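Paired with subunit B in one complex and with subunit C in the other, subunit A is shared by the two complexes that follow.
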Partner chain A sequence: MQFLNLEAKILEILKYLNIKNFRLAKEYNEMPVDIAFVEGTPTTREEVLKLLTIRKESKILVALGTCAVTGGVPGLVNMMAKKEAMEVYDGFPPDVPIDPKPLEYYVNVDYNIYGCTFSKDELIELITSLIIGKEYRDKEYSVCVECSLRENNCLLDDGHLCLGPITRGGCKALCPNNGKMCLGCRGPYEDANIKGHIKILQDMGFTKDEIIESLSLFSYEKFKEVISWLKEE
Partner chain B sequence: MGVKIAKNRVNEFLKYLKEEYILYAPVEENGVSKISKIEDTSDIINLPYRTQISLKPIFFPPEQKFFRFEKKNGGVEIEDYLPQEGDDKSIIFGVRGCDVNAIEVLDKYMLDEFEDPYYRKRRENAIIIGISCDYPKESCFCTAFGGMVPERYDLWFTDIGPHFYVDIGSKRGEKLIDDKFFEEASEEDEMRKIRRINSVETKINRKVKTNLHDIKKYYHKIKNRADDSIWEELGRKCVSCGKCNFICPTCHCFDVKDMTNIDGSAGERIRVWDSCHLYDYAKTSAENFREERKARVRYRIYDKFVFPVMRYGVYACTGCGRCSEVCPAGIDIHAVVRRLIK
Partner chain C sequence: MAKRRISIKEITKIEGHANLSVELEDDKIRRVIFGVHEGSRYFEAFMKGKNYMYIHELAGKVCGICTVAHELASIKAVENALEIEVPENVERIREMMLISSHIQSHILHLYFLALPDYVNAESAIEMAERDYDLVKKAFRIKEATNYMTALLGGREVQPCTLVPGGFSKRITKDVIERYIKKMKEIYPLLVETAELFSSLEYPHFERKSDYVSLYDGKSIPLYNGKIKTLHMEFEGEEYEKHFEEYVVNYSSAKRSLVGGRDYMVGALARLNINPYLREEAKDIALSYSIKFPSDRVAWINVAQAIENVHYAIEAMEIADNVKEYEPMHISPKNIDGEGISAIEAPRGLLIHHYKFKNGKCTYANIITPTAMNTENIERNLEEYLKDIAGESDEVIKKEAEKIIRAYDPCISCSVHVIRTK
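Let's turn to the complex of A and B:
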């Protein structure tokens, strides 16, 4: 829905893109399309099938937002017993529930737009790149980079469990700018030294459980190996 | 012989300077101490040592726009932002020795071999009024490089009780000495100044115990440790956050980007600070020549103590200790260097 919040920009974007299928904002749907933006992640068999169709019917598939990119908060259920998860869903489990996975678990994803909510600036950057034929690259550095460029006081120094060092940059350090620790909503980047950061957090006095809880919030799927390593450590 | 100024006249002196110059001095913004443009002299803070943020952003900001471009009538129209930089004269008050030395190092990168006109414009007209520290911060180690009073400055203040002793280091500095504020200093005042500086430096030395003055010798020693196991060890700790680079008053790497509108017909070219600790820093179309973290960690230390010595005959570290202060992984550059020269 963040798409509709692009406001002024959307008019400009519409000059170049012809929106054929927008389930929440437009009445009729046409396929195939050049670019499909998929928000969220499938949690039922039907949704998986729908995703496979979208992939077949589009030239470019963009995973939009954390749930699509990392499995996101729904990925948390992977940590719990199925029974518990159903309790969380208040007795109304999604029909034939399946584990929420990143979209790339099912289909090839051409581009990822990270964040919860995803960054409008990056979406515009991607669309611009597609229109002018420029390469769009994922940020390969952390939130700390953008945080330091803004001369913020580091929240780690004040004893907060900030995930900035292992979280992919691109949000312009939205949370730390507002004095809130980075919860890792954009997921880890490829080069992240996750074990190094765990060591830092342990030296600061955080327990294994606290660290695992924090890593699991947005990207359990991406961190699960390091989490099982940490549990045994 | 120097002059002196009564402490209670300093504020008036700064107000007087402000009439003709843009004044920069230490302030605190959002809990961070830095050197900023002063609107009201009562905003200036009195610190016994350096600010958290160095002078660097005044001359070389984290993000800087170079020009705007627009495709028009079959060509490209360019509006250069350089003329907007202004030729205003500025005075930077309350700078510490490590930062004055650092800006001289930065000058070598930005004005020597390659000239950066945007940097030059800001730097050229800046007068430096420095001040001796009252005591060091935990991470300070300037005495390893020669102490807290730099070789060059315009004016240099040292606390000698009810007065500041003022050394005059340049013609530009001399012009600022107005009888309204300054009086002749006596020989005794000068002795007091020397004793004062010695006592603070002795305090730093007691903790630092490193002397890197013999540049040739130490640069060789460090250079020969390229295959040491220390890099492996530090590479495991470092989280590649880049904070050590951004905070360093001599780090000068940047990336240049074009930010365009949606069809690329207009936009701005900007430069943004970069860091040699980041994965894509050394990525080229052919390969990433510092893919391993340990190679990146080593590179920063070498670009402080080895490469600048080969290129310009100086270290690119002045012992301000900021990188050690901000490193979340606890990597302390002074401790690293001590191990390397053992």
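Let's turn to the complex of A and C:
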């Protein structure tokens, strides 16, 4: 969906790439393809099989957006007892539920485009890099870096439970720019000092539960270990 | 007896995954099944236990298209539950945000999902090969309306500026003026779009069913109002009394009836319930001999294009009277409570319902427009296909898809709301 928000840029992209398969916008859809963009993450067996097929029939697989990269908001259900979650469906969900996981749990992922919603700029950057054969690299620095560059007031200083210091940059600190603390929608970057940040948040007076709630919102699967460490600490 | 079965495994050009199966015997329709086969989602489950300030952030993720509507419905229910005061100015700014996101959603549906059916193209990509300027125009409106939403919401999808009671950022006069300027810029394109979609040849099929929309007796409300059907009027808070919900075994979305009748929500329902279209919009429709109320299902498309013009004027008027907004710290009066909200999402009525204890959510229920429309889609398909049952499989498929697409169903939205009593 967000792909269509590239708007007129899609018309530019079409000069270099053919869109072979896009069920949302096309009647006739074909495989195999050179590049497959997968948004979301499987929650049924059927969808897992579909993902495996897509992997087999594409040269490059891109995980598009937080659900695909970290399991995202739907991954919150993985923290709950299955029985309790299934009460939404009166104990009888329409199909055997599968825990939302990052796509990389099932298949080899070539590139990740982070964020909920993902950054259109980064998607364009990746597509351009692929077209001209340039290397595309993940941003291994925090949202804090981009936030400081914009000389924003530090939301931690203002007492907010901000995840900026451990969250992967690339969003140009969109939420802090708008006065909203970083909720961590892009997940942690490679060398993030997660335990260090938890210590800071605890010193600020946030409880374990509040910190766990915040960490899990978008990336439970990525913070799982540190969350169980924190619970026992 | 000649039996045949027509099935579409995955209906294209709609949001999410749905299938259609039509069983015929001697060119008579035996059964029509519109099934939703999206995996289960558990929003109402994992919202439980979450702090009230995160609820609308999570709600926004229910949908990729109408994130603005979900966030607004959610935050409004949270504010109702915890008695958080919302200044009128804030409500007006939120309405502006809702309008630009409505227009964006309609444009996406009209040009990219619906129009290919009427110009014999398989997709907008093919349309672009034939008429580049037309697709470019659609993108221009989409881009402009996304820009307007982002002005107020920080970004066009999943706005990040909403906080209970207001916004997290300043909304300056300059921002409001840029919003108005952009809307003025695309207004002629919205008129052209309304003319284009009023001029298309749609299926003639009509069927009397009920319509449900917000109602305030003077406008076509999106953010505040009672719920009105052709037969009754009630407050949003009373939704549980009037909507009967049930499940069918072949679909993962809940169905619903109102007063025992199937009903439609969305643009056509809004215009059928609220005879308050602005003259500028009404005149376009009239010049193509189109009048509302109407039972012609495929005119949902026309209704969307026409209401775009109506709401564009409305938004400019609201914006003219909006004051600057300065963020302030708001804390809830209560940390316990129950709240319900009903607003109009692009696809129709949207209800969010929460309960809180100690500021944490203990109950959540979300009823989306597509879940409300599903029964109506199926019944209308059955009636329409009766008329054309003698046609070839290809024609039946194509016509069925036209009807389904007219509703602009958002399947992913509809599946997490399967709760039976």
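As a convention for this text, the second predicted complex is superposed on the first by the 227 of 233 C-alpha atoms of A that agree within 3 Å, B and C clash if a C-alpha of one lies under 4 Å from a C-alpha of the other, contacts with A are read in each partner's own complex, and residues count from 1 in each chain.
The rule is short, and it goes like this: contacts are C-beta pairs under 8 Å (C-beta built on N, C-alpha and C of every residue); 3 or more make two chains touch, one makes a residue touch a chain.
Keep in mind that this is a model prediction, so the values were computed, not measured.
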First (subunit B), second (subunit C), both or neither touched by A:Pro42: second
Contacts of A:Pro165 with subunit B and subunit C, given as first, second, both or neither: first
First (subunit B), second (subunit C), both or neither touched by A:Ile124: first
Which partner, subunit B or subunit C, touches more subunit A residues: C
First, second, both or neither for A:Glu190, with subunit B first and subunit C second: first
Partner chain(s) touched by A:Leu156 [first = subunit B, second = subunit C, both, neither]: first
Complex contact set, residues of subunit A against subunit B: 9, 12-13, 16, 124, 127-128, 131-132, 134, 140-142, 144-145, 148-154, 156, 164-166, 189-193, 195-197, 199-200, 203
Residue ranges of subunit C in contact with subunit A within the complex: 10, 12-15, 37, 39-46, 49-51, 54, 57-58, 61, 64-65, 67, 108, 112-113, 116, 122-125, 128, 132, 135-136, 139-140, 142-143, 146, 154-158, 160-161, 163, 167-169, 251-252, 327, 415-416, 418-420
Residues of subunit A that touch subunit C when the two form their complex: 1-2, 4-5, 7-8, 10-11, 14, 19, 22-29, 42-44, 47, 72-74, 76-77, 79-80, 84-90, 93-95, 97-98, 116-117, 174-175, 177-180, 183, 210, 213, 217
Contacting residues of subunit B [partner subunit A, same complex]: 30-32, 34, 53, 57, 62-63, 236-243, 246-247, 260-264, 272-273, 275, 278-280, 293, 326, 328-330
